[in-house]
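Read through the structures below before going on.
The two complexes that follow have chain A in common; it is paired with chain B in the first and with chain C in the second.
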Partner chain A sequence: MSKKYKSKKIIVARQYQILALILVVLAGGLVLLPKQTRSEGVSPLVFVKQAVSSERYISTDQLADRIINQDPTLLLVDTRSKEEYDDFTLPNAINIPLEKFFDEEFNGFLNQDVYDVVLYSNDNFYANEVWMLGNRLDYKNLYVLSGGLNEWFNTIIDPQKPKETDSQKEFELYSFRKAAGMYFGVGVPKTEAKAKIKAEKKPAKKVITVKKKKKRVPEGGC
Partner chain B sequence: MKELERTKRVSISAVLFLLVVVIAVLTFKKPEYVFEKSAEETLEKIVEKDYIISQNDLEQMVVTDYEIIDIRSNYEYAKGHLDGAINISAINALEKESGSFLKELGDTGKKAILYGEHPDEANSAWMLLYQLGYENAMVLCIETSFVNNQFQVKDVNLEKPTVNYAKVLKSLMDKEPTVVKEKKKPKKVITAPKKKKRVPEGGC
Partner chain C sequence: MGPLIPNGLIPLEWNYVIAILIGMAFGYILEASGFSSSRKLAGVFYGYDFVVLKVFFTSAVVAVIGIFYMDYLNLVDITQLYVHPTYLWAAIIGGMVMGVGFLAGGFCPGTSLCAVAIGKIDGIVFTIGLMIGIFVFAELFDVLEPLFVGSNLGNITLVDSLGISPYWIIFIFTIIALVSFVISDIIRKKVKKVFY
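Let's look at the complex of A and B:
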C-alpha cells in the first residue's frame, strides 16, 4: 500500500515537472521577444485623425460671447512668451509658454476634464503646437483660438464695417463685435458719444431757466 | 478513482493553459506604427524651430538634396502645386506606400520638405512624422491658395503680431474721452453772455 502510494506520488510530481519545464521554456521565450519602445499617449492613427479634423478651432466671436457671458467652464491660456503676455493678453488668461508645457505647475491646467481650455498666441502656430502635444498625450478639452490675437484684433477690437450691399447677417455680426469690443475696453462709439454730449447740454439749459426765475423777483419789486 | 480524477484535472488544465498560450501567440499583432519619440523629445525639437525653412532657404539648397511633399488633399493638389512636389495627404501619411517612401528618402539622406495650405498644417504633419521617427522632414513656411485659376504662394511671418496690441487698445480707449472734454468748453462760453443779460433787466 505504502509502495503504491509512493510511486503515484512520483508520477504526479513528474507531470508537474513537465508543466514547470514548459513554463520555464515559455518564460525564456519572453527574453527573446524583440525590444519594443513603449510609447505614451494615443496611437499614431488616432493622432492623425484628430490632427486633421478642424474641431479644435474656436472662432473669436464664439470666444467673445463666452467671455462676456462669464462662462465658468472657460479657461484662457496664453502660449506666448512672458514678455508678450505682460504686454497684452485677454482678460483672466494664464500664461503657459510653449517651452514650459511639461512644467508640473501647469499640468493641472492642461490635463483635466473640467474646463474648456482655449489656447492662443499671436496667430495659430504656437497654440497649435501646444494642442498637438496635448493631443499626443490624450488631454481632453483643449481648443485653439482660430487666428489667434491677430484675428481677435481684426474682428473684436477693431472690426471692419460691412459694405452697404452686405447681408443683414453681416451687419448683425458687426454690431455684435462692436458691442463686444466695448466690453473689452474699446471707447464708446462716436455716435453714442455725441448723444451723451447732447444729454449733457440739457442740464445747462436748466441752469439758465433757474436764473430767469431770479429775474422775476426784482421785476416784481418794481 | 479519486486519483484518476486528479490526473485528468491536471492534464485538462495543462491542455487549456497551452491552448491559451498558443492563441495568444497566434493573435499577437505588432502595432504597425509606434511613436518612437516621446512628447518631451518632441517639445525640445519644437522649441528649436530649426526645421522651419522659408522659400529663400529652399532655393539655396541643392535640388537633389530634397523632395517636396504636398500634404493637402488629392483634389487641391490636382488644382495646382509647387513644381516637382509629390502628393502625400496628411490623412494618408500612415499608409504603407507613403511610409516606405519616406523611409527610402531617409535612407538616401534626402530631406522631405512639407508644405500645405498654411504652415500649421505642414507643422502638424511634421510633428507626426518626427514622432514616428522620421527625422529628415522639414516645414516650408508658405501659405498656398488657388485664386483666379492660379496657384499662389505667399511667404508667412509666423507668430508676428499685426499690430502692437497694447498700444492700439490704449489709443482706442483714449480716443473718446478727449472728444467729450473738448466739447465741454463751449458750454461755459454760452452761460457767460447770459449773465450780461441779467444786468440790464435788473436796472429796469
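Let's look at the complex of A and C:
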C-alpha cells in the first residue's frame, strides 16, 4: 500500500469520525438540555387568533330567539356578582361570578361540549374575561352576549322605534323585539294599545239593497 | 408551528403534490446512491456491502434527532405527528417474509421500482413477482385477516412501552447505530471482496 493511499484512507476515516462525533454530541445534547414545561390548553398563537375574532359574540336578538324557541342546548351564565344576579338576570341563568371561575363546582358547567354556554355581564367586560380564561383552558362552546345586559335592555326590553325612513328590515326587527319583550313580561305601552283598539274599530257596513229585475217573458221566437 | 399541513400553514390540497415531489426526490437519490443494484442491496446479507444498513440507520438517526430538536424549539409539535399502530405478530411475520424476499430477490419494494425505472430486467421480474404476491395476499386475506388485524398494540412507541425518556432512547439508538457501523466495517474487511 502506497504512502499516498494510506494517508487518504486516514482522512476519509477521520471525516466519518467527525460525523459520528456530531451525531453523538447532538443526541447527547437532547439528553442534557434543560427540559421545557409545556403550558396546557391551546397554543398562544391559536389563543390570540380566537381572542381577536368576533365569532364568540352572540347578539341579543339571536339569544332572545333561542330562549323563546326553548333551545335545549342553551346554557346562560351570569358572570356578575351574587347581589346583581339576585336583583335581575335572564330566565334560567346560573350565576358564576368571575372570581369563582376556578371553583370545582362550576367546572362541569363550563368545561363540556354539550351546551352552548352564553356568558354575560352588564357589559362585555366580565363575560369576556371569563371567556378568555375558558378559552385558554381549551373549553368548548363558550360565547359572549354582545353588549351584555345593557344591550339586552336597549334592544329587547325597551327597543327604539325605527324612523319612518328606515328600511322594512328595521321595522321587522322592531316588531320582533317588541314581541320578544312581551314574551319576557314587558307589556305593550298603554297609548299604543289604545291606538291599536281604536284602529281595530271598523265602520259599519253600508247595506245596499239591490232590486231584482223581473224576468221578462220571452217574446216571439222561432 | 408545524406540522405544516395539519396546522393550515400549507393547504391540504398540496398534500399529494408535495408527496409526489418528495417521492421523486427519494427515488432519484436511491438510484443515484446505487440502490437499484440488487448485488449492492443483497451485500448486507452476505457481508460484503453494508451501505443499505448505514444509509437507512443514518437517515433514521438524523431524522429523529432533527425532529426532537425542532420540537424543543417549538417548530414542530411532536404530539401531532402520526404514529403508525403496532400489529406485533403481523409485523414480525411480515418482516420475516420481507427479509426472505429481500435476500432472494435482491430488492425491497422501493428499490425494485428504481431498478424498473432504469430498465433492469431483474427489477422488472421482481416487480412482477411483487404484483403476484399482492394478488395472492389479497385473495387469501380472509384467511390471514385474524393475523393481520390481531395483536394490535395501538399507536405506541418505545417511550410508551419502556417508560424511558425519549431523549435517552435517541442517545442509546445513536450509539447502537455507530457501533453497528463499526462492526459492519470490521465484517466487511474480513469478507472476500465482491466486485460488481
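Here is the rule we use: the second predicted complex is superposed on the first by the 152 of 222 C-alpha atoms of A that agree within 3 Å, B and C clash if a C-alpha of one lies under 4 Å from a C-alpha of the other, contacts with A are read in each partner's own complex, and residues count from 1 in each chain.
Keep in mind that, in the parts below, a contact is a pair of C-beta atoms (placed from the backbone, for glycine too) under 8 Å apart; a residue touches a chain by one contact, two chains touch by 3 or more.
Keep in mind that what you see is a predicted model, and the values were worked out from it rather than measured.
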Between chain B and chain C, whom does A:51 touch in the aligned arrangement: first, second, both, or neither? first
Looking at A:150 after the superposition, I want to know if it touches chain B, chain C, both of them or none. Which is it: first, second, both, neither? first
With the two structures laid over each other on chain A, which partner does A:26 touch: chain B (first), chain C (second), both, or neither? both
Could you figure out whether chain B or chain C reaches more residues of chain A? B
With the two complexes superposed on chain A, say which partner A:185 touches: chain B (first), chain C (second), both, or neither. first
Now for A:99: first (chain B), second (chain C), both, or neither, which partner does it touch? first
Where chain A meets both chain C and chain B, residue numbers: 26, 36, 43
Within their complex, state which residues of chain A touch chain B. 8, 11-12, 15-16, 19, 22, 26, 36-37, 39-41, 43-45, 47-48, 51-52, 80, 84, 87-88, 98-99, 101-102, 121-126, 128-129, 132-133, 136-137, 149-150, 153-154, 157-158, 185-188, 190, 193, 196-197, 200-201, 204, 207-208, 211, 214-215, 218-219, 222
Residue set of chain B touching chain A in the complex reads 3, 6-7, 10-11, 14, 17-18, 21, 30-31, 33-36, 38-40, 42-43, 46-47, 90-91, 93-94, 118-120, 123-125, 127-128, 131-132, 158-163, 165-166, 168-169, 172-177, 179-180, 183-184, 187, 190-191, 194-195, 198, 201-202, 204
Note which residues of chain A are touching chain C in the complex, please. 20, 23-24, 26-28, 30-31, 33, 36, 43
Which positions of chain C touch chain A when the two form their complex? 61-62, 65, 68-69, 72, 77, 165, 167-168, 170-171, 173-175, 177-178, 181
